[in-house]
Amino acid sequence: MRKLAAALLPVAAILAGADPLAAQTAAPHDISGYWELPVDGRFVPRARLSPRITPAMIEAEARKTTKAIRWCNWVGMPTTMDVGRPLNIRQGAREIVIMAESPVAPVRHLYLNRKTHIDKDTFDPTTSGDSIAHWEGDTLVVDTTGFEPTKGITEIPGGGFRTASAHLVERYRLLRNGTVLSVKFTWTDPSVFQTPHSYEFRYQRVEKGYEPWPYQLCDPFDQERAAFLEQRQ
Amino acid sequence: MKSIVTALAAVLTLTVTATDPVGAQEGADRNRSAAPSARDISGFWELSIDGSNVPAAVLTPGITKAVLDEQAKKDAHAIRWCNILGLQHAMGSPRPIDIRQGARMIVIATEVNAATRYLYLDRRTHINREEFDPTTNGDSIARWEGNVLVVDTVGFDGNKGMTAIPGGGFRTADSHLVERYRLLNNGSILAVTFTWEDPKVFRTPHTYEFRYHRLPQSYEPRPPLACDPFDQERTRFLTTPPQIPR
Amino acid sequence: MPAGKKYDRYNSMLVVPVRMHHRFRALMWRHVMNARRVVVAAALLLATFIGSGGTAAGQQPEPPRVPDLSGGWLRLDSGSGSFDGTVAKHPPAELTAAGRSMVVPGDGRNLIPQGGFTGPAKQAGEAYIVNSGACTPEGTGGSAINPNSTAIFLLQSKDEVLMVREGPGGRRFYMDGRAHPDLAKLPPSMYGHSTGRYEGNALIVETVGLTEGNVQGGGKRRPETRLTERFELGSGGKRLTITYTWDDPVLYVRPHIYEYVFERLPEDSYAFETWCDASDPLQRQSIVPPKQQ
């Protein structure tokens, strides 16, 4: 009898878990949706940079930005979170995907099924890094390392820039009955910041029925465009 | 006799034009429905991440960090209180702008918290400064020079809305803005150069350029996002650094 | 054991000595608890069964089960040794006269430079210029309409299913029953407009509004062409077959059908970033692969 009972319980659990939407339906918090960053959606204090960060270094990072835009490179973090158009966030059981409406913002994968980062010897650094996520009560905490320092737009709001040693922690929380998504970003990198640099974005949920409009593809070989971006006033 | 006929014809033309705005618009529309006319900038236009070339402005020595910080506080106040934001924000927001060209004026409507801009084609001079109440968008008059629409704007209010200018500096009551609009790439791109002159702010005129992509005619503008100046949580967010648990 | 009503209820019908009564009571308690466990487990099973739609026969139509397609998938070579070889196994498209005469304008970005593919054959491992180096979806990470060797990732959520690649952008399948917009108002795009539903054990996605282009196996497409994709799991959920059906009576004599098979990535897999830099001369190169063993 006992063995039969013990056998039946996991079977029931397995049957319930086979539906990939069940986990989402059962999740107490779901940040899925289209989210737009309004003009009053940013609180970005000035970063306290390490004394080692010189104007020349900052200028060098700005040149990376210019080059990335000129050549339609993937922009990566943190720019993916503020490209202008709404973000599409979809929450599943294994991961949460963040897709920006831009031809140059790579899709972010926030892995819920992992507690540790990919080994540094295995992981090829990317502009988005390696993100793992877990829920702490009503807050989604996302931990990202593994950034590629030379590609994309490295500049960080408020000052500073991402490097190979940058560590980003984001905290996502729904506010106002799920109509506002608060995301607090904290960058820690002793080679850039004197103290961890934090800022917050608050996205508004986009109106019901919203469908993204096709965006303009980016052509790095458009001579007119290249001349425009490379000209000096 | 000839002069009477000429005068009568002129009066008749003026009357028809003045009382038939649709006819005038249809004239413009005809221009649009044939291949995009080089002199019709009507359409929905979007500014993307690679759509701006903004050099650093050369500011006068009088514009110190303290002055800039003070101006930034004014801008923060405008955002905090959901004030209409005006130029330059209206032209640089991520939402598309809607430009509609008529015979007497060109209207630029935005999907953000900025008043509609009116670029008057039927005036050659600005409203008298004694009469005109300065606004966040100023008083704009426009004319075509070949295929370039030149827009001249004065009459800004230096204390309202978001005054920051891309590249540095800010608009004041003495600011003078000249914009030059032209279509590129068979009408699929709208290039706009902005030149700000204000001896109190800029040592030399400050110029930058935006290039907008045309959206399909079937694009439908979206409602603006909500802004509630009495939302306490929002106020706290805008005025207090984020609290991050360690 | 405490005295009281419970005790009395259990033994009210029994007339036994107290010691045996205690033992019997303990035995009865064990049986009751085991029975309770069985009842609870059975109730759970029943609730799950009902929740998943299975009820007494004939009472309600069984709602479609939602297959677990979420995760990463890698396209498999069906034994031909190359992508061209894979495509060669597809039944060729049967085009109408209009379809055959349709000219697909290129976007001018992935042109073979002059002199490309001419000259003496390259040696294994030798690099050569193969295109203009533009970072187009077809040129790098692969289109999510026609996946190449980079992984695709599916994420099922209530209102949408996302299909993303290892780069920017992706496809959205709207799952809320909405219709396609009027094609006259919908600007054609790389991924068109897609709506989806679950049918049986499959996800069915219908797409219209694609830009003019070529289709595998000699096919063509235009915004009015309807693409139906059927996503089905096999091999215990480790394989995914996507069956593509291109339907357009103007272009095709009959619907053009083929399938791709994907293997599920291990649970601990993660998305790479298909980096592409058009300013890098290496971006324009390909390399002759070594001889396949």
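Note that the chains take the letters A, B and C in the order they are written out, and that residue 1 is the start of every chain.
The criterion applied here is as follows: contacts are C-beta pairs under 8 Å (C-beta built on N, C-alpha and C of every residue); 3 or more make two chains touch, one makes a residue touch a chain.
Owing to the predicted nature of the structure, the values given are computational and were not obtained by experimental measurement.
Student: Just to be sure I understand: the centre of a chain is the mean of its C-alpha atoms, right? Then which chain's centre is nearest the mean of all of them?
Tutor: Measuring from the global C-alpha mean, the nearest chain centre belongs to A.
Student: Of the chain pairs A-C and A-B, which one is connected by the greater count of C-beta contacts?
Tutor: Output for the comparison: A-C.
Student: Average the CA atoms of each chain to get its centre, and name the chain whose centre is farthest from that of chain C.
Tutor: The most remote chain is B.
Student: Need the CA-centroid distance for the pair chain B / chain C, whole Å please.
Tutor: Computed value for the inter-centroid distance: 46 Å.
Student: Give, as an integer number of Å, the spacing between the C-alpha centres of chain C and chain A.
Tutor: 24
Student: Taking the mean of the C-alpha atoms as each chain's centre, how many Å separate chain A from chain B?
Tutor: About 33 Å separates the centre of chain A from that of chain B.
Student: If you look at chain A, which of its residues touch at least two other chains?
Tutor: Those would be 70, 72, 102, 104, 213.
Student: Among the residues of chain C, which ones contact at least 2 other chains?
Tutor: 187
Student: Residues of chain B touching chain A in their complex?
Tutor: 46-50, 53, 55, 79-80, 82, 85, 89, 93-94, 112-113, 162, 184-185, 191, 207-209, 211, 213, 215, 219, 222-223, 225-227, 233-234, 237-238, 240-242, 244-245
Student: In the complex formed with chain B, which residues of chain A make contact?
Tutor: By the definition above, chain A touches chain B via 36, 38-40, 43, 45, 69-70, 72, 75, 79, 83-85, 102, 104, 171, 175-176, 182, 184, 186, 196, 198-200, 202, 204, 206-207, 210, 213, 215-216, 218, 224-225, 228-229, 231-233.
Student: Report the residues of chain A in contact with chain C in the complex, numbered from low to high.
Tutor: 1-2, 4-6, 8-9, 11-12, 15-16, 18-21, 24-25, 32, 67, 70-74, 88, 90-95, 97, 99-100, 102-107, 109, 111, 113-114, 118, 124, 126-128, 130, 148, 151, 211-214, 217, 219-221
Student: If you look only at chain C, which of its residues touch chain B in the complex?
Tutor: Within the complex, chain C touches chain B at residues 184-187.
Student: Tell me, which parts of chain C touch chain A in their complex?
Tutor: Within the complex, chain C contacts chain A at residues 31, 34-35, 37-38, 40-42, 44-45, 47-49, 51-52, 65-71, 109, 132, 134-136, 153, 155-160, 162, 164-170, 172, 174, 181, 187, 189-190, 193, 267-268, 270-273, 275-279.
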